[in-house]
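The two complexes that follow have chain A in common; it is paired with chain B in the first and with chain C in the second.
Let's look at the complex of A and B:
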């Protein structure tokens, strides 16, 4: 983790240039432009899906999706609640305790958005058995105060590259209990998001400076921002949760509706482009080593 | 399952004295770490990030020599069956201590008084030979950081199947056979690390060591080739830079 210390003059200069009518970012990016990033996926042979994302400043995140067959308790009436338990998110940020505030907030907001957008019915194998997905995220290093964008991009790619083995035994085991059997041929495995109309959600953190919204803020930009907004994008629209977060230690001014609308429009504009480029990396299976 | 067939082939199709595919890269994380390395031995995958030598944050500072801090993180998804390992798991702590004791002998710590070298080893996938792969990754990260070493330490495991010695065991073999992991200093026959968690017949020990030392020398050559390659790349970029300035 890096500590950004700017002098009052530098802070003021940066804040002024970011709050202009046509803002100038320190690295000359447009407000909707990401820093270059490097990504690979499906490099872990022991996981059903895996991905690695590295930002230009060295912030790096690994995500793995592992599926395990679990038996469902049948006499549980609340089956929707039950299916939610089929997803578990575990987060490990280097240098931060697992039970820290940041770690648990991020894990819960990720899980909350994932549960609604993973085709849970696809995890259901038979009447008695289902796949449980373990999503493990490891942050090797991060520079942002709130590294949710990074995590979300890696999780998206890991989920998109997830493949589940093909069930060969009977689907109906309502009367006779039978252990599920799977095809040995990995070629016939099914992609979790193969033919689904659903798509994993992407969470974007944007920085707010005066009336301007910036995607993928650098640590310097974060430190002069007045507010941060976290937006969730899935299937072409902005969905809940939408929340404000504090990216800088200085006193946050309030947020107005115009800023939220601007952020909404910005994420809606870049969302499809991000999805498209990540999907391209997922579908390119020529690279199988991480480094 | 047949671990060693009468034709002389092992479960993954290797001969008795063959290493698994060894793939290593150094300087994989140039921005966030002072030294970094990535090592793959078969399906075992390790990332090593090294920071330092820098001033210790805690007050415990040794005025005579530098201190070495090795932390081993095992990712929950690294095993076939997902298993969450806590940081104070006894086996993990033991392995970190073994690595620390080994590398304290090979790093010239007297050159770095009042400093700390922090090493974070992250295990991404395990398929046998965990300690050996960690050892090789740490050596490469130390070399990448430019920290003074007496020599490389390359490590490999070897086991015994009936009368046959097998080099570089994978997970299946490691579970069923008695084995030993050794670390060798450079291209010598000096051992800096020996760890055996199973019973090993004493009369085989000499032969096992001989095979394993041979394997270590092969790994040392591969690691050295990678370091040299990175060095050449660096020299070329430096040259381009100076020419461009002129």
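Let's look at the complex of A and C:
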């Protein structure tokens, strides 16, 4: 992460042009336009699902999903809690300590939104055994203060491309304990999100400057923004968590509810488009560029 | 190389002495009369759902502090700064917030981080970063170049262990706000927080603008509210804002009473 230091004149110029009625972004993007990015899917042979996303400015993120069979110590009272434990998120951001505030806040908001939107019942193999998903995310380099959008795009694709081997042994091991056996043919594996009505959540960070909302803010835009909002989108809906974040320690003014609603509408508008283009990459398996 | 610095206590530390019986009883009498005075400071929001006990300036070696009691939730916030920092010049103050639960509160498994409590747990980090994001909007940091303002929050006891600590987050902001006032740090306005079980809003009334501004919003991930619906979302925000405003007016009353 490198720090953008703008002179007062540059800051004021940028802030003015972003707060116009029809805002002008430094790279001439529309307010709802992403920077070009390159994405690859299922490239790690050792994991069940993986994704890699590269931004034009060199920011890069890898996500991998690994499934491991674990035995469930079940007593019905807290089975829901047990199922929640079937997802583990591990986050490593280059240049930031693992126990730093940023890294742990991002990891917890990611995990919180994932638990509700992964078909946990699909992870359940038998009465005694289940898959546990280990989601490892590495941000190799990033320029943004809050690389959550990048992270969540990579996680989305990794989860969408996750395939679990087909169980061949019996499902009912209530009486006799039996080690689960799997088909060794990957052609017959099941996609985690195959026929599910659920879809992994996407988290978007938007920057607020006056009455304008900007998706995918560049570091320069972040440094003059008045506030940031993090919104979660899944299954065509805006869902919780929703929170404000501070993208720059300078010139913060707070926001009003109109701006929150505007950001809400913006993410609702672009959400389906992002989902569509990411899904295309997942189904096509070849490198693509999305805008 | 050995450390040749002398280990010194705080500058204003006074040596431990053992008083005679009569002095102790006199001190105790004084303390109890003080306590009665403090009891008068109980402020009650007009909405009437929480009774809050507030006391400011209890901690003497920091610039400002505030102690708050809401039922069994006890919070203490101390503010250090603005104090000068070493190193190169920066044109604004840096703000840091650290929130810690007292160790005996964190026996529950969800708080334990398993490595001797050297680092903050996930929940502590989340609370710290929320309070930070509220105050970075409020404190006029450009007034204090090359200095740092540190807010230390201690949660002494928590009433209810709801998973996301929405209620607690709300109290933390209010308590930190009063300790900022006590530290006499320049702010745009005093902020107060309002909450409904699933979300929290902190707002401040900016003197230059007619409407209330929101400095921090958090809608937790275990809410069932349909925030996809804009009307639901805006009514949630309105409700929180109203609560924050009610609390604001009672805090104002309290502060005025304090000055008198």
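Here is the rule we go by: the second predicted complex is superposed on the first by the 283 of 291 C-alpha atoms of A that agree within 3 Å, B and C clash if a C-alpha of one lies under 4 Å from a C-alpha of the other, contacts with A are read in each partner's own complex, and residues count from 1 in each chain.
Following the convention adopted for this analysis, a contact is a pair of C-beta atoms (placed from the backbone, for glycine too) under 8 Å apart; a residue touches a chain by one contact, two chains touch by 3 or more.
On a predicted model such as this, the values are computed, not experimentally measured, just so you know.
Partners chain B and chain C, once the complexes are superposed on chain A, both fit on it without clashing. Applying the stated contact rule after C-alpha superposition, one finds that A:94 touches chain B and leaves chain C untouched.
In the superposed model, A:85 makes contact with neither chain B nor chain C. Put simply, the three-chain overlay gives an angle of 110° at chain A, taking C-alpha centres for chain B and chain C and rounding to the nearest 10.
Contact with chain B, but none with chain C, is seen for A:47 once the two complexes are overlaid on the shared chain.
In the superposed pair of complexes, A:68 makes contact with chain B only, with no contact to chain C.
Once chain A of one complex is fitted onto chain A of the other, the partner contacts of A:141 are limited to chain B, with no touch recorded for chain C.
After superposition on the shared chain, chain A has more residues touched by C, the comparison being chain B against chain C. Using the contact criterion defined above for the overlaid structures, shared-chain residue A:243 touches chain C, although it does not reach chain B.
By the touch criterion stated above, A:260 is placed in contact with chain C alone, chain B being left untouched. Here chain B and chain C sit at a least CA-CA distance of 14 Å once the structures share a frame through chain A. The residues of chain A shared by its contacts with chain B and with chain C come to none at all. Contacts from chain B toward chain A in the complex involve residues 23, 25, 28-33, 38, 40, 43, 45, 47, 49, 73, 75-82, 84, 120, 122, 124-125, 127.
Chain A makes touch with chain B in their complex at residues 44-47, 50, 57-60, 62, 64, 66, 68, 90, 92, 94, 134, 136, 138, 140-141, 289-291.
Chain A meets chain C in the complex at residues 99, 101-102, 104-105, 107-109, 112-113, 116, 227, 229, 232, 237-246, 249-250, 252-257, 260-261, 264-265, 268. Residues of chain C touching chain A in their complex: 92, 94-95, 119-120, 122, 125-126, 128-130, 132-133, 136-138, 141-142, 198-199, 203-204, 206, 211-223, 225, 227-228, 230, 233-234, 237-238, 241.
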